[in-house]
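Below is one structure, written out as structure tokens; comments come after it.
Chains: A, B, C and D, in written order; residue numbering restarts at 1 for each.
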Amino acid sequence: MPSLQGVFDAPGPVAEAAKRLKNRGFSDLEIYAPAPFPELDDVLDPKPSRVRVYTLGGGLLGVVTGYAMAIWMSNDWPAMIGGKPFAAIPTYTVIGFELTILFGALATLLGLLLVGRLPYGSFGKNDKGYDKRFSSEEFGLVVGCRERDVAEVDALLRAHHAKEVNLVEA
Amino acid sequence: MTPPPALPAALEHPHETSDSKINRDLLSVMDGVSPGYFLLLGTTILVVTAAALTWIYQIYIGLGIAGYTHPVFWGVYIVTFVFWIGIAHAGTLISAILFLFRAKWRNSINRSAEAMTVMAVMTAGMFLGIHVGRIWKAYFILPYPNQRGLWVNFRSPLEWDTFAISTYATTSIVFLFIGLIPDIAIARDRYAGWRKLLYTGLALGWQGTARQWKAHSRSVLHLSGLATPLVLSVHSVVSWDFAMSIVPGWHATIFAPYFVAGAIFSGFAMVLTVMIPVRRVFGLEEYITNYHFENMARLILLTSLIVGYAYVTEYFVAWYSGVEAEQSAFWFRAFGPYWFSTWTMITCNVVFPQLFWFKRLRTHVPTLFVVSTFVNIGMWFERYVIIITSLGREYDPAVWGIYTPTWAELTIFAGSFAFFAMLFLIFMKLLPVVAIYEVKELAIHERAHAAEGAH
Amino acid sequence: MPEIDRRSFLKLAGVSAGAAAAAGCSDHVEKLIPYVVQPEQMTPGNPVWYASTCRECSVGCGVHVKTREGRPIKLEGNPDHPINRGALCARAQASVERTYHPDRYPGPMRRNAAGQLAAASWDEALAQVAEAIRADPARVRVLGGDPGDTAHALLERVAAATGIAAPVVTQPFAREALRAATEQVFGVATQPIFDLSGADLVIDFGSELFESGPSPVEHQRQWADARDIQAHLEGGARLVYVGSRLSLTASSSDEWLAARPGSEGVLALALARAAIQAGAGAGAYDGLLSGVLAGASAEAAAQECDVSAETIERLGRALAKAQAAVALPPGSAVSSRRAVGSTAAVLLLNQVVGAVGSRLIVPAAQAGGARSSYRDVLALIREMRDEQVDVLLIHHSNPVYALPASAGFRDALAKVRLVVSFATAKDETSEKAHLVLPDHAPLEAWGDARPRAGVRALVQPTLRPLYDTRAFADAMLDLGRAVSPAAAAQLPAGSFRSELEAAWAGVDFRAAQKAGGVFVAPAHAATGFSAAQIQVAAPVLTGEGELTLLAFPHPFLGDGSGANLPLLQEVPDPVTHVAWDSWAEISLATAERLGVELGDVLRLESSAGAIEVAAFPRGGIRDDVIAVPTGQGHSVGHFASKAGQGLPDVARGVNVADVLPGDGVDESGGRAWLTEKPKVTASGRHRRLPLLQWSDNKRERQLGEAITLAALSGHDEHGAHHGPHEIHKPYDPAADAADEQYERTFHEQGENSAKASDYRWGMTVDLDRCTGCSACIAACYVENNLPRVGEDETRLVRQMAWLRIDRWVGEGEPVLEAGRVHPSKSRERLGDTDIRNAPIMCQHCGAAPCEPVCPVIATYHNEEGLNAMIYNRCIGTRYCANNCPYKVRRYNYWDHQLTKWPAPMELGLNPDVTVRGQGVMEKCTFCVQRVQYARQQAKNAGGKIADGAVQTACQQSCPSNVITFGNLRDPQSEASKKAADPKRGYHALHVLNTRPAVTYLSKVIRGKIEG
Amino acid sequence: MLFAPAAADEPQSAASVCEAQELKAKQAKNPALAIQIPPEFDKAWPSLDACRSHEAAWDEEAEGPKQPIPFSHKHHAGSFGIDCQYCHSGTDRSRAAGVPSVELCMGCHSQFPAEYDQLEGVQILKQHWDEKRPIEWVQIHRLPEHVKFQHQAHVRAGFDCQTCHGPVEELDKLYLVPDTRWWQYGLPTQKLEMGWCVMCHRDNGASQDCLTCHY
């Protein structure tokens, strides 16, 4: 089934075009942008990104691991150190804190990969509708539709100041 | 603050060329190596080799080739370690904290700053290995399960260090990498040959779809959230390497904030010292403007004041405490055989930065360069003062002593700078030294505004 | 050393697994080499002890030699020996190094055509000498030190049998003047015995009681006991020191009279006169006032000696009042050309104060034994110069080094056709010899001695000779037999060993072997007293300089015989803390006048020669004196010279004898040392001295506390403020943070709680008894395999001493002096004796700062209160050392075990103590190996470790019982009792709340002597 | 096949006592076997298993280093059941176990009949004794220098030598018998490794103070 690729200059029109298409019931949409733009974020998927879940989870895991490790290890072979307690919580806070950050950061990276579906496709051998111009300064809106809708989509895209519209897949 | 200058006209007509000017300008840094570049790289590699050989010899023959003496068990190695850790703070600070403050002007310098962070941490990390007496047993410091059934001492500041530094290194690398992904994708689309392969791999198939950008910006946000307290913690932990001891001149509650301020101070200075020539050589004036430099200068002035305040406080507390050991230690700092290090420190860190009160000077690039260089020197001497002079005058006057660095220490010290420079030179040719996508973000916004204005 | 020797050594010794010499965990194949025949009394792994006698100096202390697997590894004092009663000095501790010295000759050597010493066989070597003697026995001479009683007798018999002249004896510090003076005054030519036990007033006229005196170890103990503050609340014995520099002895004295050197005799007479006038002798000696004491008025003496008349009068009264006063005669440093006179004067003083017979015992003259007279040596040199000597046999001495260069021995030696040396290890003399017939090392040989009346000491071999050596006496016997059948006929048939047993025929030899000799109380034999011949006169000094040269005996190197022992070079001089080098002490004023600072090189010139030596300006020396220690300046020897540092033939320091006139003899023909006023100039060069103490300014920190007698007895509340009692923290196990933790934790865990551990090891250090003699340091080195790091490392203050002695001058003051690269100026003052010697070892803190900072738990606190240091866990961050306020941790910057023990020295290592490798921290362990040994013995016996069962090495060796080690959890232990001292006990740097296990007892300041 | 008629005509003959012992053994299994033993070799000593142990102690294939003498612990401690402490006499009163002196070996071997000297090991032993030359055994159970092991403590606590040294009495040629009895956090510990000592100490409530072994 065919898909059309609209090329835009600015994020705004892309967003509007995408909204319109979505309302018209076109579900197979993909937006390509050279840089992050808030207006594009929620067009296709209004739900807040789930990356934060990973970060939080990693952080919590880290703090627990940090304290637990320090306390258990110090008691596994108790050696008297300068008359300090074996479970010296204040000092172990440093360990807990550092592991919070460490695990949090790694989890965030993991989140990015999973949520962002990376590594994606065939490592960027231009997939459907992707164009190196999109890594320049232009925006792309790729719509998959039925034969009979091609004309409509084309018109709609142009109506939203698409510089050009290409049929990237017959 | 003065508003950001209007973007160069060329950007308003991106279709005149097949590719955007931003891409071409910023990627051009990466291609083509001049003889000058090779000369520079060669020199650094030479020095690094010399330092490496010295290190190997030291491992073989023993730390005796360094200048340690009875009361002074820590020397130039630890001084330089703390110095580099300090440098490492600018990057994360600029990218993370300024990001949270939405200080958009950071966009053009944060990449190189983050890169510097990673490199500085790598350099600093090596010094822990150089410093210890039995590096072949240094793995004992890791809490790994072993047949002996032995664990590590989590009460030791050095153990905290191990965790803090490794965490910091990992996080900074993650931070840098996530920021790089979109730019690597840009490069992937524009290069052929081995670079193509390399970037294809590193870009992880980035295409800049809406979903990817969404996840990306969230990750950057969260990482910034994590990195900000981390930056503050890391140098606090390093400061506790000293503050947790009972050595007069080390055992001070002010150390954590004092060190953090100092770190930011030296970090910004180092960014200036490096970026000014880079901008000059690669003609990036359009992206890294005096406006950026001026803001950096402002921050340097601020932190310099904080650091200066810390110096005063230290002396005041030493005097006010009435503890004779503290008093004589600080007196010794200022007027003992190490007076030069103390006064270098004060001149470079407190006096020179005051020039930035004057707009003419803080926008005058040569001045910026000179002052920031002096600040780096001053900050190295600050650590020298703290470590060496305090150890030289401890509780038992019978075993007071004098420490003088040896050729070995100085070689390795020089090697660390060469190592840092080498990494940066390689980085410049391998990866975008300015965050392309962030610059575009700004540029496209500008253009949008311009367009609306036209209507 | 050659493989064959090692084998033959191993054959007898046999090494147990993992002998200390084997480096760390190397993978190379270790051989287990058992005995062929195992001595029945020895078990591999357990020590075997032999009683013997120390021959390092003429005192003859009794030692117990600790051997492991047939190797002597440590000397400890023989508790039953009347002289040292179990203690030893640093020199004795170091003497074990002679056995394993790298400079030892592997066998007989003969100088070949190329002038090099090459190996030879005993037979050909002896044949050659015998041949030469046979040629003309009249032109043969024997020169040497004291080979021991029987050996000397045998030597004389050989001489007689072969018709060669009677042997000449040379001993640089032979106290010939004392012998002569004793004959003058008491009519007996002998060495008197001084006994300080029970004395209440001691005046030392420069004998250096505690360093090079008549019997340092014995006298330290007697002195310390006589003034023990527990036993004598009024302070006990007082010590007055007469001398021109603040020596070790002076530092411990209550009053120091900085008299002009050489004026001791005058002062003694003046004191005697003052004492008599104050009623001493109850009129018995009034006759003297008109006789020898006629001119000895206090005023005249004040002029002569530079001591105020008032002081002389006061001390005179004190002497008269004293129940048990005694005066010690001038030592070698102040023995001038008029030494006999001044010595006699001091003996007279003893007579006047009634010391003779009790504290000064004059035994009957002994027959036999080696007598030396410097005059005879000079005569011999003349003969040699006139080519009347063809063969010269040299034993037990190093005349080329020890005799003043200007005496011309070196040149005269060149005129002797055959020079034979019996040296064990190479020295200046043996390097000049044509033949070397090496003697056994002291620990390898039989021998005996009569160090003094009533003591007949036995020397036993403790290991089979390492090399192809032969006991000196045996060599002489063989030589005598080889000379002619006639001679052989007159000589005993057996060996030296059999001769020895014959000589000891009268006594139970087995018992003597166990006891180390036969001891009886010396009998006082002096009948008369005559002051008639006493001739006191001012010293005759040659040279036109303004400064009098005081050539004082180095406390460790002595006459130089100790200079090749690395340990004696390594242990810093207790007064100046200089090691591995010479120095010249001058007063601060003199330094200013010459415009020199510490380390600036001075040039001393005299008619005899010139030396260049680094200046050591200090307050504790007269302005008209320059003092240089003897013993340094060797040009031969791995450690004595700089050969060990890769600088062969470069002398270490200077030999002060080089500027002394060769003809310096006193009235009796003994050697005089106080003879020269050299020209002293600044050479303009500077050398950094290997100096181990930065400052003598305590800055009022709690490091070496003192309390006045008044404050102690509670009379003087003002003085009390200076006393440390308000900072005292009496020991209380609950005060040990670690203990609290152990109880809390293990109690919960129901594991072996801290209570279950019966021990909390601790120590008390009584500064009031400490003289700073440094025997403890030497003992620690030997016991714990501490590397002797050498000059260069010492200059970087990288010594590995686990125990050091801080020397403080008074309380000090917290001056904010602008620190200089030089150590800060000496705070000593003439006459000021408030010197505090504070031995500092690991304090085994209950809340140790070093422990929390170690990332790998290489150092921690164990149940018994020991601050453990686990070498094999250490990664060398060195944070613990930074955080130790006492700075007692030492770091291995190099792999000392490879570099600092040239073969065969590693054989002398203590197998019970790990030899630390490169990159690890180390420190005092409270001799944990001894604790563990005692624990095992106790276990085997089914009991607990008894109090006193564990003696740390430092405690064992200490001559004045400064250190007490024991279980602080047992309130009855010696250590606990002493630590509980309410007024004197304190913890070093207690303000840091480290809760140490070491409790110091402050020095008691007794003040000047009241008249 | 069991019966070898060929062998019957030419009886196998022995060239040494040991061969003789072997043949006797064979014959015991197979009475038909004709053997011929010269009288000088027809002796009771050395016994068959002495011969075999002697052989095995120098077996190149067997694990463990070659010792200067083909000494078999199996023969001495095993078959003859000599108490370990008879030779290693220091164990109960010293840190070191002690290796027997040549004299001790000779104590027994000098009393044995002359034909024992046919064994090469005995010949070497006697050479050493005559030349008063020590035997250089290759050490097998070796601890690094920084470990201070107390034999007496463990022996007096009643532990068998085998606990650490393995079934010595069953070995002709000695070697470090592997033992991974003790596991630490799922990690195997090799014999004579620290964890190996520590786990045993834990199980027996012995001290875990580092200073017990490291000083």
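In this text, contacts are C-beta pairs under 8 Å (C-beta built on N, C-alpha and C of every residue); 3 or more make two chains touch, one makes a residue touch a chain.
For clarity, every value in this text was computed on a predicted model and none was experimentally measured.
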Of B-D and C-D, pair with higher C-beta contact tally: C-D
Chain centre separation in whole Å, for chain D relative to chain C (CA means): 52
Whole-Å separation of chain centres (CA-atom averages), chain B against chain D: 66
Chain B and chain C: spacing of chain centres that average the CA atoms, whole Å: 58
Whole-Å separation of chain centres (CA-atom averages), chain A against chain D: 71
For chain A, residues contacting two or more additional chains: 77, 79, 81-82, 84
Touching two or more other chains - residue numbers and ranges from chain D: 210
Junction residues of chain B, two or more chains touched: 149-153, 155, 159
Chain contact topology (line, ring, star, complete or other): other
Contact set on chain D toward chain C in their complex: 65, 89-90, 93-96, 98-104, 128-129, 132-139, 142-148, 150-153, 156, 209-212, 214-215
In the complex, chain A residues that touch chain B: 9-12, 30-37, 40-45, 49, 51-52, 55, 59, 69-70, 73-74, 76-77, 79, 81-82, 84, 88, 91-92, 94-95, 97-99, 101-102, 104-106, 108-109, 111-113, 115-124, 127, 130, 132, 134-138
Chain A partner contacts - residues on chain B that touch it in the complex: 14, 19-20, 22-23, 143, 149-155, 159-160, 163-164, 166-167, 170-171, 174-175, 177-178, 181-182, 185-186, 188-190, 200-201, 203-219, 222-223, 225-227, 229-230, 233, 237, 437-438, 440-441, 443-444, 447-448, 451
In the complex, chain B residues that touch chain D: 145-149
For the chain C and chain D complex, residues of the former touching the latter: 10-11, 14, 16-18, 20, 22-25, 29-38, 43-46, 860, 862-863, 866, 868, 870-873, 912-915, 925, 928-929, 932, 936, 939-940
